[in-house]
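Scroll down for the structure; my scribbles are underneath it.
Naming follows writing order (A, B, C and D), and every chain is counted from residue 1.
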């Protein structure tokens, strides 16, 4: 099969990771790299000598590449993805797919109309640890899902154009939608702007799913330590996924429940007991590589990518509702059952 | 000075800890122990041979003790504290002081009218680690407070009469009020009932303080691991207080901020850098002992206890507002500036 | 059955722990406490009002107690245990049983001659975690034992009369003998005196067991952190026992071995792979309580205590050989097959 | 200055790391890569398209390169380094420099006679964490050095031609020599062969330095967890360097000593107290890059590399003595004051 010719737009923070993966894959060719910043382009030239370099997106889109990977600031995603689709290129967009539901849906529709692949960089749903948690869930071993919560904070790169919700939480939201296989019915978010007053540096987000399932996420770029932690509490077992753990990223906690009668007040009481803990050996695959592979295979075989445009749209719907709640001091916002 | 004669009501989960401390203090005498449960009373008899035992509260209140320590279920606090104050006894009530603002205020007023000490078991504001964080704050070393968050979860004792908010969050709320020295202006809480459907097993709580300070707390008794963790992010430094840490419960994180111009988009950007971390040596005092000492000294010297009734009332006000938000799917509830 | 009347000698660092346990056991009575230090005796009086107090050992031995628990400095063990046995009392001696093999054997023989119980405070062989490791070993699940190592260090109490080997390593040695069920054939030890020049503050000890099994131990009271860690590497699985772990003291590591041929040098090579990790739920028993129970049961039923005098003697034999090696710059010392 | 033309021999486990660094440095050119294994050479070709490839060392040495980097199995170091020096090339040899003191000295002498740079890949003495510990030591802040110990174990790559001592311990030995700036006077080592009976899989090594300083190292490739840990205990402070720590690789522990008189036995006693802990921010330099830079600068400026041949020789002398002790069941082996 002919290797897919990829053009990468954006060689800043994340673009080099996409470049490294596409370069290493036999199924595609990193044909071109585009960045309006000359320093970055020089850096790209040094590492990828056989790729054509562009300072101008239009020229790249005019060239004979098959697909575009977009690693530019979030606010540029919609316009660039649209231009690429209109130019007949398959597109992989970094998360979030767009900044509004309306724009996201437009991209999905455009890709469908053009018969092109539209994929979104929800890299965590290509993660072996997330797959493992999903398989546990599907097997019924965890029992009913009670609640989930995640913390994704660090001391790091402060965005100036989008807040921590749009910058960081797409990861958590995409994981929740993937694990629970349904959309939340209500969203609320609180946050605050500390550093330069234009975007929220820290956001606390709660999603209500059917059957009383709650999912909470805390995101920030002002926190002292890097934390990438997700807990799922089920009626039978609990799972913790710590992306930074040295010794196994997933821990499965068994538990027991005992019920006893309180002699003094004559009421039933519950006591929960810790049980064995298992840390399973996970495959050592790089999630970003799996994401890139999935994109290329979708182009070559016509299969739908796991993180396709529709998936990207759902995540944007949740983000948009959360943003609305954020602007209303955390008022819960109801999500319509269908987009 | 004559030792204060203490009568302890409740020898269940927490009562034995109070007994151990009062017994060991030269300034007081554990004169009596009262519990309606005969097994518990037998246990108390074995350990505290010189204390008089009561199955009936009224008889205890009729006796010549000076003060009462209340370690009974939360819903009994108000009635028992009221009876004790009316009987002319000083009272130390386990948290929460009462189940409504109205009742809490009544107790505060009654104690004032009777000229008796009313103290509340907010044990964490007697904790050397919390004192250390407070002194850092007061010194200005942390800069402006941005936000705080705490996690207080475990797999444990499920209450049947009160939810995780009323059972666990008084600790966090009392710490926040102590550190920030002011009341929140708005409270919201989300939670869910999983185990037996009558009380929330998990609650996420957000307090908005003046000047944009946010404080978030997560409490649960369904979580796989025991976590007692509080983070304070300031403009200059950050502090983490981990009550279960082996090597120093408090960590102070220095940081640097650099501002640079993004060449591609011409915008200012911020990048935060980790700096040195310091783990200070803290005094090894038992917080509960300090709480008991403070109560006895208040009785003996007339000084106000740190966790006095007014403090207990403020915490109940926050809990009540949070409970209201909880019943309204997390609608933010505004707290009047004064009670 | 009549409760055994216990007399405790030594109410310094460890004695209070023995007192607490014997006091709480229905099968015995903490009849007497003896310490030549008046302050300690006052402290004992306050906590154990029904125990008779002695400043003088001889008077205690003349009283009608059944058994003695010895928690005095190591160099006094032999003489006091001997006196107690001669006075017809059963004896529980804190580790080490004595300071020479000769003395240890004399105590064993004397106890046998008198028909009295002689037990040694090897508290770790009453530890549920050690029992769990032993049961894994016996089940064959670990495969052949390759090697073991332990670290038992902290920043703490510096002994003036015995070195870190005699003070700390009896724990590790008793665990090794218990797990492997045999004596080492060769012992070597290196150490150094830093603090006051009379005893070694840090010691590295190696025991060679039959079949090539090595056991290494590092003990020190000058180390920055408290560590209580033992690793057992078997041909099939590996076990780590961390006595200070928050989440399960025992971890079982599965592994796989793959063999491949190095293309360049034509040699077979091995690569080892990590597998699943299991952290089993262990019973929550206090090891010291189990030790005290075992002593009382031995007195009441005639059964041999797990840590009996013979066991104490074996540990002293290893210590004596290690001491000899220590004085010879680590020259390996051979242990005769039978004592 | 003309870039130094480097030829790399060995593209197996470590060679690719050297290639990556030399490739990224403007001061040199990765002119050639040599490996007898065709698969590896193909892999090299893909990544380094401008480097000339050789299957045969002699041809590489005949070419116009300036310097050789050797990343081949340890037993080949001497012959290849010798050939390279004889061909007039500067040489960077992976550790250990050679398998005997005799061979190592021959290489040092040959390089001197030829006026060529001979450097050894003791990468840890280019590590910012090790530099930090050294600067603390030199500043006197740690007081007198008491003892050091390190653990360098993992579950991993089992060597077939050299044992764990020669494979892993050169790192620890080079760190010790660098920190203490002197040679040990006595060496002992114990180890055992479990996996395939030809080389020791686990080794315990003790070095005695002047003034009673002990340094202990444990190396193994059979251990369940990866550990890279070094502790230095000084009379004033203690330092722990954990190469795998998430939050700062170096921790500095303050301590206090109190001396008191034991009332019972009338002896002085010491008690050590933990103090503050500081985790300094370290520079984020890659040690291997610093090693490669040092080699190139030595070639270009004539300055001596930090890890020069003489340094490599000293490490080999310690290894040789340790090997001798290993073969004699841990008999201490004395090192002559000068080589």
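Everything that follows uses one rule, which is that a contact is a pair of C-beta atoms (placed from the backbone, for glycine too) under 8 Å apart; a residue touches a chain by one contact, two chains touch by 3 or more.
On a predicted model such as this, the values are computed, not experimentally measured, just so you know.
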item: Chains in simultaneous contact with subunit B and subunit D; value: A, C
item: More contacts between chains, C-D or A-C; value: C-D
item: Euclidean distance of C-alpha centroids - subunit B vs subunit C, Å; value: 41
item: Inter-centroid spacing, subunit C versus subunit A (mean Cα positions, whole Å); value: 53
item: Chain centre separation (subunit C, subunit D; CA means) in Å; value: 38
item: Multi-partner residues of subunit B (each touching 2 or more other chains); value: 225, 247, 273-274
item: Residues of subunit A defined as touching subunit C within the complex; value: 247-248, 254, 273-281
item: Residues of subunit D defined as touching subunit C within the complex; value: 12, 35-37, 39-40, 73, 146-147, 149, 155-161, 186, 188, 190-196, 201-202, 204, 206, 208, 212-214, 216, 218, 220-225, 231, 233, 235, 238, 240, 251, 253, 255, 257, 262-265, 267-274, 329-332
item: Subunit C-facing residues of subunit B, complex; value: 49-50, 225-226, 244, 246-247
